[in-house]
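Next come two complexes, and both contain chain A; in the first it sits with chain B, in the second with chain C.
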Partner chain A sequence: MTPGSLSRNPSVLIFLATLALFTLAVTFLSEAAGAGLISTSFVKTLGKTLCLCLIALAMDLIWGFAGILSLGHFAFFALGGYMIGMWLMYARTEVIVVEALAGAGLPPTPQEIRDGIASQIFGVVGGSDLPAIWAFAGSLPAQLALVVLVPGTLALVFGWLAFRSRVTGVYLSILTQAMTLALALYLFQNDSGLRGNNGLSGLQNIPGAEAVGQDWLSVWFFWASAAALGLGYALAAWVVSGKFGSVIRAIRDDEARVRFLGYPVEVYKLTVFTLTAVITAIAGALYYPQAGIINPAEMAPIASIYLAVWVAIGGRGRLYGAVIGAVFVSLLSSWFTGGRAPDLNLGFYTVKWVDWWQIVLGLSFVLVTLYAPRGIGGLFDLIAGLRAPDRRGAALGPGDGALREQEAKE
Partner chain B sequence: MRQILMMLVAVILFTAPAALRAETAAELLTENRALIEKSSRQSIGPVIGALAASGDPAAQAVLEAWADKRLGLRKSDGAFFLLTETPEGFALTDPAGTPAGSAAKAEITALKPNSGVRGLIATALVQFQLSDPDPAKRAAALASIARDPLPDHLEPLAASLARETDPAITARKARLASLLTLRFHPDSATRVAAIDSFGADLGLDLRGALNPLLATTRIAATAAPEGANIAAELEPGSDIALEAAYDLLVAAGRAPARLTLADQRAALLAHAQGGSVGGVAVADLADQAARDRAYTALEQAGLVPTAATEDEVTAAIAAHRFFDVYAEPDPAVTTAAQAALARISLKVGAMQAADLSLDALSLASIYFLAAIGLAITFGVMRVINMAHGDFIMLGAYTGYVTQQIIPDYTTSILVALPMAFAVTFAAGVAMERLVIRHLYRRPLETLLATFGISIALQQLAKNIFGTQARPLTSPAWLDGAWVLNDVVSISYIRIAIFVLALMFLGLFLFIMKRTRLGLEVRAVTQNPGMAASMGINPDRINMLTFGLGSGIAGVAGVAIGLFAKVTSELGSDYIVQSFMTVVVGGVGNIWGTLAGATLIGFFQKGIEWLNPSNTLAAQTYMILFIILFIQFRPRGIIALKGRAAGD
Partner chain C sequence: MSALLEVSGISVTFDGFRAINNLSFEIGPAELRAVIGPNGAGKTTFMDIVTGKTRPDSGKVLFGERSVNLLGMTEAQIARAGVGRKFQRPTVFEDQSVAENLMMALKADRGPFAVLRWRPRPEHHARVAELASEVGLADHLPRKAGELSHGQKQWLEIGMLLAQEPRLLLVDEPAAGMTLAEREHTTRLLVDLAKTRAVVVVEHDMDFVRRLACKVTVLHEGAVLAEGSLDHVTRNPAVIEVYLGRG
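And then the complex of A and B:
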């Protein structure tokens, strides 16, 4: 990181400091490290929220800065989770199978261990062979590499196909949504090799760390998530602050003009798309061991839309906005849908938030889009005294860049 | 098959003992009293046969009574009577059919034939039923024979054919007689002729009769079996897998079983002594080679059975020949049956292709119906409405509510269609006024805002109607299917949807090309500023156009609800496909939408046909195909050219 990029992004230091303080506070309040004011499950929720912040950050990078509304990032998120989940499940089943076979008289052969693991894992979908995609599941480094490689390759191929045929705007959004749907439908099949709609489970148990309790594991994962978020934030700030950042913002604002200036637009878009896919996959790999279970429903198209909701509510085009949006909406969502919010008695009707939260969320999303396109992050502009031009009203000239009625009044 | 053969043997063995020369049913009963009283399936055949063949008109009544347990013996003199139960006991009728007073229950022994005997009686009765004066009874007899054909049925059936007067029943009898002939007739040439007489008939009954003729068993032998009707000799490794071939040898007892890993493990465990097996330490057995060494040592010590090694397996397979042998001994018949089945399967294939095309066409019309509203809002106005699917859902629920109020299904559907249009038109107009109007220059945000509405609408529907599926029942005249033959059929509801899709296509074209509204819509779409200067109110036109597209979505919802379950997720099942249909077809052109729907419908049915068990995979490949398709025709099948393309 150059001093120049830091000075252009004062938010990085503030953000990192806040994150560090938050991490320390949670650590000292957790059950593992003493005070016990925060339950283990809530530490996990906070850890998961940090992972969601990371994916929101990636979404902001691709949407807020590069102008590509990808509705497929949860596919990369889930793929990352699946890749790490395969190792977790394989290694843990291996421990169990070896124990069971050792008790049966003869020391097990490698073949017997493999067969035992396969029938343990795939018994629920009626299989007893390990599919080819599980070839590396026994090796942690290999699966860690796959966490990055599989979603990265998918993003690269898909992005290359989409960008080279100049699919842009809403078409690209729908195409990414279709990709997510295709992947989800494929994984829902029992013979997809990833246990169909049963998904992978028991991921909260880390093989080799049985002696460590869930309370400490949750804190470890919280630290890892915080570190990933901090690194991700710094990386994203560095990416958007340099020349690269200027070019992708220019692509967002007028793609054709950037192309005519001689920039290889497709390469820039592909780089951002793949980079964010990889960040997303890493977030997924940290998220699912804390969630404990992953199944194809996680990558339903709706999940990616929620991601866009977080970023939009938090504020697009500013990195801290995405993080704020993810924290705010996801924690509020889990508060309302978790049944902890008190019912609202209107006299003639009692509003149960479990049923009505979705409606409130949907409508508030509409309102934010309409009236506060800069989201919660826009509040910081108010503090800083910045005002954006009022772009409402009819255009006074041809083209999207022309002055608008409201603008001209000022 | 074996049972039938045994019965044939039984019938032949007992056909003509000397005692069976009496003429009337009554005499026959009296003469064979001992056999009848202790009737069993093995011994009673000739008596029943004689009764049936006696020519006595009373014989049918006697046999029917016997099968119904209404035949009895008077204990005092051993005379047979047909019994009718009365409060006091039985009213008696003698076998000739004249009333013979009554008797108390204690005086009569009612005969209770077991099920085997009743089966024989039923077979014997067939000839009477086949010539019954009542056509319904004759038809019932034919149906019962078709259900469970026996060799014995052939002769009475052929005999009754000549006397049949009803042309429909004659045709059925002739067909059934041919089916029985090709299975059971003793003469090979007659059977072949019967098979050939059907040509490429598509009836399932014919295939049901032909397939058993071609049933084969797989045998292993050192030489070709004498006199057997061999279907094919199998080459191990190509026609039959080596494992399967060896398993066949093991099953026939011609070779020792192979050692499975589980058996080996069990054997080693059983012979483990003092920490070692066959000279190998147990701790070292975590390795297949070590286990093999230990097992070989046990084999040499004679402690475990010798397992076949790879060489022995290869040698055993090489020493044998493998055949598929027909159960049917007559080669002429099997050849004819094979030829007939080949003819049939060719025709069936053609018919299946036709059926698949009909299915694909109906799927295409469903997609078209779901997408046509989108062709207006997205195709013409370029507004991404992610709540379009939820308008479909809204229309379906409107249909459901209408049915709750109006119980008559026909009326309620006729009311529901305009109601759904009105409801979704209003919803569309409201959405356009409140949300979309402010976002015309920000298409990505239109997408998000309408998605917010979609989330809210879905949850609202869930809150009101619950999560379980609601039925939208189609009127009775839409039930059932139009059946062309045993292969090709299409349900009326799908035809109705096809017709509805065509009507909407016509409506769309009419509105767009022939009405003032259509003209203004096209003008506003091409250049809102210029349209406004010509006196068109673009706001009003946009509102109406959006309402129209949404209204059509509502009507489509009623149609879709008729065959799919109405849930709050109904719309989201169609939204991606609908967008794909419009994008693949080419935005802004209704013919493109039609082409897109047709392409997607046929393609999806095609994939489902290749992999019938898996509609999920079909959808996956469908979407992948669309993604690839857009690579080659980014603007869809029918792309707008020139300035109309907009950019």
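And then the complex of A and C:
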């Protein structure tokens, strides 16, 4: 990052400083580091929230900047989680199996250990063989590489097919959602090799760190998530700051015109799609060890729609907006659905937030889209005195994802 | 002098309607040409074919010294080969500043990774400022293009075309919606540009065409009806019949 791009994006420094302060504060208030004011489970919730911010950031890059409403990014998120989950589960089961076999007289052969692991992991789906996709599960570096490679390759192939045929707008959204649904349905099958609807579990136990308590592990993962978010934010800001940012915003507003400037629009879309898929996968790989469990329900189409809602409520086309949206909605959501919100007694009816939260969320999405399209991030424009241009209702370009009048800044 | 663009025998049919019918057209590397014709004569379709937006059913479109066939290339590849196009309605990126619009159009590597690493150097800023003053937008560089007036957007788009440094420039009705002074400026600019590159102007306005003082191609029903100086073609009885006679 050059000094020029930093001075043009003061939000990067503000964001990184805020994130650093927040990380320090949570660390000192956690159970691990002393004060104990924040429970270990809440540290995990905060860490997971940071991962969700990272995926929201990716969503803002692809939707807010490049105008592609992808409803498939949670597939990449979950795939990233599965890839790290395979190693976590394999390595931890290996420890258990080796311990169990140590009691026998003869030292166990590698084959015995492998069979033991396979029947431990796959007994639940009635199998005892390790599927071929688990070939590298014993190696952490290999699975870490797969965290990036598997979702990245899927995005590359899928994106190439979709963008090459010039599918845009709502049809592309449907296509991405179909991809996600197909993948989820495939993984639900027991013979898909990833334990069907049981998914992978026990991911909160880190092999080799058995001596470390969950209180410290949660803080470690919190730090890692914060670091990933910070790096992701800086990367995204760098990507959108220069001419590349100009080109992808131009593609969002009027892709036909960009072609006549000589830019290969499809290649740009593919680049952004794949880049954001990789960022998303990394977020997933950090999220699921904190969640402890992953199953195919995680990539249900609704999850990707939530993602779009976070970005819309936070304010599309501004990086901090996506992060604010993700924090705000996901924390509020876990408060309402966690049963901690007091019921609202209306006399004739008692509103139980666990049931009503979804409706409140849906309604606020509709209201934000209609009346405050700049979302929560738009409040910063109010403070800075920026208003929307008066364009008599015309969008900023003919593209499907083009900024609407109310979203633009004067 | 060999031709820069050589269109031969192209035909295109939309739902049974022959928009272009065995059209042939040639233009030299430094030439100004006006294309006129009544509505539906195929002027815009002709430009669509050359820029890759529409694929013809038959024919060839050869470009440059090495006579590359533009058919089969994407719009972006054709633009990179050196064909620039100015649309009838000004199309600029309204959410971006005048400077950003021009910077994007500057001739440079268009690949995503090259663009990702690209950062403007002083000479690029200088070139953008020079282009902006050439089209009368020097004071508007930081403004968003969406705030400009219709005429200013036209100028910005022309500036972007200049920034692309195309070898062939296709201009669709440049004078539409311009004031008299602006038209004169446009005329001068086009004549000037045609000294170093090929410029094809599609125009309805006969006054404007007369001012360009160049060779004229008359299209009718997707084919060339007449070619020559404006006076020559306006004396052609067939042209009078289909075009001028109907006023």
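Please note the rule applied: the second predicted complex is superposed on the first by the 389 of 410 C-alpha atoms of A that agree within 3 Å, B and C clash if a C-alpha of one lies under 4 Å from a C-alpha of the other, contacts with A are read in each partner's own complex, and residues count from 1 in each chain.
Just so it is clear, contacts are C-beta pairs under 8 Å (C-beta built on N, C-alpha and C of every residue); 3 or more make two chains touch, one makes a residue touch a chain.
A quick note: this is a predicted structure, and the numbers were derived from the prediction, not measured.
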Exercise for review: Look at where chain B and chain C land on chain A after superposing the complexes, then choose clash or fit.
Suggested key: fit
Point to revise | Partner chain in contact with A:V239 - chain B first, chain C second, else both or neither | key: second
Check your understanding: Should A:V247 be classified as contacting the first partner (chain B), the second (chain C), both, or neither?
Key -> second
Practice item. Check whether A:V170 is in contact with chain B, with chain C, with both or with neither, and answer first, second, both or neither. Key: first
Check your understanding: Now for A:Y268: first (chain B), second (chain C), both, or neither, which partner does it touch?
Key -> second
Exercise for review: Name the contact category of A:E99: first (chain B only), second (chain C only), both, or neither.
Suggested key: neither
Point to revise | Centroid geometry (CA): angle chain B/chain A/chain C, rounded to a multiple of 10 degrees | key: 100
Review point. More residues of chain A in touch with chain C or with chain B?
Key: B
Review point. A:L361 contacts which: chain B (first), chain C (second), both, neither?
Key: first
Review point. If you stack the two complexes on chain A, which partner ends up touching A:F260: first (chain B), second (chain C), both, or neither?
Key: second
Check your understanding: Given the touch rule stated above, what does A:A312 touch, chain B (first), chain C (second), both, or neither?
Key -> first
Revision key, fill the gap. Min C-alpha distance chain B to chain C after superposition on A, in Å, is 6
Point to revise | Overlapping contact positions on chain A, where the chain C interface meets the chain B interface | key: none
**Study point:** Sites on chain B touched by chain A in the complex
**Key:** 261, 265, 268-269, 272, 282-288, 291, 384, 435, 438-439, 441-445, 447-449, 451-460, 462-463, 529, 572, 576, 579-580, 583, 614, 616-617, 619-620, 623-624, 626-628, 630-631, 634
Study note, to complete from the structure: Listed in rising order, chain A residues that touch chain C in their complex are 2, 4-5, 239, 242-244, 246-247, 249-250, 253-254, 256-257, 259-265, 267-268, 271, 389, 391, 396-397, 403, 408, 410
**Study point:** In the complex with chain B, residue positions of chain A that touch it
**Key:** 67, 69, 104-112, 158, 161-162, 164-167, 169-171, 173-175, 177-179, 181-183, 185-186, 188-189, 301-302, 305, 308-309, 312, 355-356, 358-359, 361-366, 369-370, 373, 392, 395, 398, 400
Revision key, fill the gap. In their shared complex, chain A is touched by residues of chain C numbered 51, 74-77, 79-80, 84-85, 87, 91, 93-96, 100, 103-105, 110-113, 115-116, 118-120, 144, 146-147, 160, 164
